[in-house]
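Here come two complexes built around chain A, the first alongside chain B, the second alongside chain C.
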Partner chain A sequence: MASTLRPAPAKRAAPPDAAAHRRRRGARFLSPPWWFAAPALAVYALVVLYPSLSGILYAFTDWNGLGDRNFVGLDNFTKLFGDDAARGSLVNTLLLTVAIVVVQNGVGLLLALGVHTGIRSRTVLRVVFFAPAVVSPVMVAFLWKYIYNPSPDAGLNGILGAVGLGGLRQDWLGDPDLAIWSIAGMVIWQFAGYSMVIFLAGLEGVPAELHEAAMIDGAGRFQRFRHVTWPLLAPAVTINLMLSTIGGLKLFDQVYAATNGGPGHASETLSTVLYKQAFVFGNFGYSTAIALVLALFVAAVSMVQIHYLRGREVA
Partner chain B sequence: MTSSSGPAALSRRGFLGLTGGVAAMGALAACGGTSGGGGGGGTLRLVAVADQQKPLELLLKDYAKSRFNASYAPTDQVQTSVRTQLGAGNAPDVHVVYPGDGSAMSMAQIAQAGLLADLSDQAWTKRIPEGLRPAFQKNGKTFLYSAGSSVIGAVYNKKVFQEADVEPPTTWSGFLEVCEKIKKKGKVPIALGAQTQWVTQLITYALVPSTVYAKNPRFDEQMRAGSASFANSGWTDALEMYLELQKRGYFNDNPNGTTFEQQTSMVATGKAAMAIQVSAVLPDFRKAATSADDLDMFPVPGADDAGGVWIPAGVVVGLGVSARGKNADAAKAFMEFLGEQRNMNRWAEAVACVPLSRDADSRIDPALKSFLPFIDGNKAVPFMDQGWPNAEVQPAHFAAVQELLGGRTTVPKALAKLDETYRKK
Partner chain C sequence: MNVRYGARTFGLELVMIAVAVAFLFPVYALVTLSLKDQREVAESPLAPPASPTAGNFANAWTRAELGPALLNSTVITIASLVALIALGSFAAYFLSRRASRLGYGLYVLFLLGIVLPFQLGMIPLFKLVDGAGLLGTYQGMILFYTGIQLPFTVFLYTGFIRALPADYANAALIDGAGHFRAFTRVVFPLLRPITGTVLILNAVFIWNDFFTPLLYLGGSARETVPVRIFAFVGQYVSDNGLVFAGLVLAALPILAVFLVLQRYVIKGFASGLKG
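Right, the complex of A and B next:
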């Protein structure tokens, strides 16, 4: 229908005068929407784009943050791919990301389905589940350090003991095999409510008529979720998966505050390694190389994710 | 409704004029802030770590020649911000500096970049003991002010020791016996908060003076020359002794999951008998205890021959003057003030350390008295990291100890890794 209302093709087919086209484009940039965006864009360019792009140069130097810098070509990148600590931190980062993406979104979806029902306390529950997401990640990490107290009568271990599950007591942050999963637990606790809110917005957009039609066709609760709700939640799934993947790959605050990458290097992530290389060891050039690789990696993963997930969204 | 399209509507020219005006005012305000703050009228910007707050607040009150804009923050935050400011050329006039080498904010590394003012002509620098000079000086010039040295030893709860009927030991075997008796009394002999990474190093540091430096005082020199290594030295004995304490069950459960605060609380409340700690944190232990008199300190004997026991005594975190600051002269005058014996005594007393030089008015914390014979008898060595050539060795040591405690590595592997990190350029 819309195509019949389009301007006559003859008018569009005429090759536009190049000068006129440039004038029109120039005029568009001088139009009111751009006036309002201009200050923000200028600040963004000044404090984000320029430092980020100019910072890339440091990845090819041996700058220590204080003295002169020398161009070292690709040495920092060669070092990065041969660095055991960096490789270990990459594995940890990927494990954490997978755990966070799967569990956080799974729990978020269940919470959203739970509070999308007609239960009376749904508003209070929504606030309660979302509340941790507004707390600073560092504060959450300090709080969880108390919860993860290894003493048998304190925190989580104390609760486990009190309910007769004393055998499950652990050295949550001190056991090298458990530390990253404990960190994943605190991140999931904090951000499952955030995922819930996005899923909830998606659920609110599912037309009730579709559920009614499916019910008339004899679809059960699971079938309605599988064939009506889930396909229509695809945009929310895309956003949630992308945000949690980026968050997982960049994870820093919680790790830094809870374990600082320890015990040993058991919970080191790419972000903690790049922080330490820059601000603890003074290897700013090498740390910029890690940051650059991390940024490219996050961008690549996000683009693949968007490409795949957008394809399954229902128009 | 009409107002949005009526006379009050903003024209393109008006909008550009308005934004231009706001930008110009912003720029003027920014310029005004810079000149007013930077010129300062004698206001010095001082950034220090939280450990320095108490003595500095005490001394700043008595210093009238300049005004100060002082801020204090935890070590890692200060390290991040001050180093960035040093690199950007807008460092504070007076800022925290760590003694010797081996950290990104150490005297040697900042002085090497030409960012610290030379303090060599100040009177107090003549009183720096010979053995401590490497912590203060680079190429014969003094770049660091520090009030004295702190020691590492066992902070112990006297009541727990009395209950177990034990006295501070003077030999390693005596130390093990004391731990055994305390364990039999149902108390934790040694509280260890190894989740807080800097705590991991203290037991090694307490033992290495006896296992390494007592036998070979030139060890640091040989390490720098490449003729010695951690793996083929008394470092092996020190780490074996560390692990022996763990194997005998003298630490609290799960030391890798226990923090410094939990360690402090365990000793202060009598759940544990002692903690191997640096004297600078004595105030934290005393604050957590019912009575400050319940706590005392003794040197950890790292040898079976009492005569072969040496101790670690490191120069405490100090201050430096930014070489490129506009107020360098005023800042140096403040350093001269801090270097007066009276002020050195006051600083040392506030942080429970031994003053750089002593006079009749120097009051040494009673808990440190048992360390003085070692310091005066040249049986004290600076904290090991203060002589290490790069900032990566110390964190490698933290990680190695956590991995040893977690059973993830062995002493030879841990020391090989430490050697590899030491040799990094």
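Right, the complex of A and C next:
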């Protein structure tokens, strides 16, 4: 952007190749040497690029960490879709991701709209709602494991009983049909404030004059939100959807700490299955195949979201 | 934003406070349980503690070995942050001031690392770290965090430096300073706002990370706080008062830092991710 605003360089009579030469020498003199990037590139290559590339190769082998590595083609992937636990983990991961993306962002947006008003407690509330996001997910999972405990008079069940909703008491993490939704609940509790903070930054960027103009034109509360606020929130929506989707797809800590994938395999996710395949069963090839599926999902979702949501953004 | 504080705003205020109270219920449970003895935890789990006891905290501190764990987390977090800021800012400066195909290609290569889940390279990297004898060491974790968080760090720095005029550094270069001096003395101080964001986002991630420290440090003397708490909870799972005292102690340091720096932390989280 800035370069187009600079005045055009004065035309010189010097031959074009000499001018180009001088310009190139000047640019080289002023631009930093390659070794500025070398240490970062070396560490990045060692820790991310090389392991990821070999991971992609291992995904097509039967490597178990000890013996030979044999190329087995797509066997690991057919195994993944034939193995009930693994296929279930894929379904769970997708369900969890959808629930987290929808509810966390919905709640985050409502909180942001509530806080971004004239209420006196707005600063305190912002801190309260955001605070869980800075605590380790493992610790939040242990806290919620207790809140979800099956005893009828402790935690969430105790509260339900106390307010006369005893009929709704559940074995939140022990019921195979309920476990992943309970896990989604703890993730949403922890990170709704994070979504809120990003929405708040978006709301603060909406000029007050636009609202005033719309109000003078007779737009109601909802119309102003729909036609003024919402379009201008697009960048915040993009960021929030990306963050929560990727977070949901990679979910590990909370599941590992709260249920370890149980009861049975009811709350297994891609990350817990690939962890167990690698470090419990030693199926390194199979584990990296699952990681590759996860990577493809993350990459695909990021690209689709960037593509569609960028179109909505108002420059 | 409403200017007048009317009945409507007051109503909203009450609703929001009610939501916050409900939201804080798990925290209430956490704190009250940590103050109860085992009998009271079982008999009246929801009521406020009848005779609060701090005994759980003293026990949790020693049995969870939280002292050494806090030291480990601090060393790993600070060393990784120093490495990330040094390597990330230098690389980003190169990438944003080299308008060549090489500069752009390298930038895209770094961005790729934001999308790649680290699980893809998890096993090869584990083998590498194991082979180098770095399992159970600070160095292994610091190397891991530096590598894994560099793409994001480079991304943040590059965006910021691109919006910064090159004139300051150019003036220093023309006055005879070398590139190293021009960057460290002139450019780097101008990066303070984004360095703050880089620091906050990476610090929270590294401090709370669990998966990799569990793999690299589990069972060693270098366990970080989340890994130690995981082992502690597993060991004393039936004693909720003790477990919750451990959770409170383990969460306090980062919560305290957050409360002191809340304005900056929230701003960092809200702004750091704008593409």
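The working rule: the second predicted complex is superposed on the first by the 274 of 315 C-alpha atoms of A that agree within 3 Å, B and C clash if a C-alpha of one lies under 4 Å from a C-alpha of the other, contacts with A are read in each partner's own complex, and residues count from 1 in each chain.
As a working rule, contacts are C-beta pairs under 8 Å (C-beta built on N, C-alpha and C of every residue); 3 or more make two chains touch, one makes a residue touch a chain.
Keep in mind that this is a model prediction, so the values were computed, not measured.
Once the two complexes are laid over each other on the shared chain, residue contacts for A:G167 go to neither chain B nor chain C. With both structures placed on the common chain, the touch criterion links A:P176 to chain B but leaves chain C unconnected.
Between chain B and chain C, C contacts the larger number of chain A residues.
In the superposition on chain A, A:G67 makes contact with chain B only, while chain C stays out of contact range.
Contacts of A:P39 after superposition on the shared chain: both chain B and chain C are touched.
In the superposition on chain A, A:G155 makes contact with chain C only, not with chain B. In the overlay built on the shared chain, the residue A:F279 is in contact with chain B and with chain C.
Contacts of A:L200 after superposition: chain C is touched, whereas chain B is not reached.
Once both structures are placed on chain A, chain A residues 30, 32, 39, 151, 279, 284 are touched by chain B and, in the other complex, by chain C. The touching residues of chain B, counted against chain A in their complex, run 12, 15-16, 19, 23, 76, 79-80, 83-84, 86-87, 104, 109-110, 112-115, 194-195, 197, 253-259, 262, 390-392, 395, 398-400, 402-403, 405-406, 408-409. Residues 2, 27, 29-34, 36-37, 39-41, 43-44, 46-56, 58, 111, 114-121, 125-131, 133-139, 142-144, 146-147, 151, 153-155, 158-159, 162, 189, 194, 197-198, 200-201, 208, 235, 238-239, 243, 249-250, 252-253, 256-257, 271, 274-275, 278-279, 284, 287-288, 291-292, 294-295, 298-299, 302 of chain A are the ones that touch chain C when the two sit in their complex.
Put simply, chain C touches chain A in their complex at residues 1-5, 9, 12-13, 15-17, 19-20, 23-26, 29-30, 33, 45-46, 83, 87-88, 90-91, 93-95, 97-99, 106, 109-110, 113, 115-125, 128, 143-144, 146-148, 150-151, 154, 163, 165-166, 169-170, 173, 179, 183, 204, 207-208, 210-211, 215, 225-226, 229-230, 233, 240, 243-244, 247, 250-251, 254-255, 258-259, 262, 265-266, 269-271, 273-275. Those residues of chain A lying in contact with chain B across their complex are 30, 32, 35, 38-39, 64-67, 145, 148-152, 171-176, 259-260, 262-266, 276, 279-282, 284.
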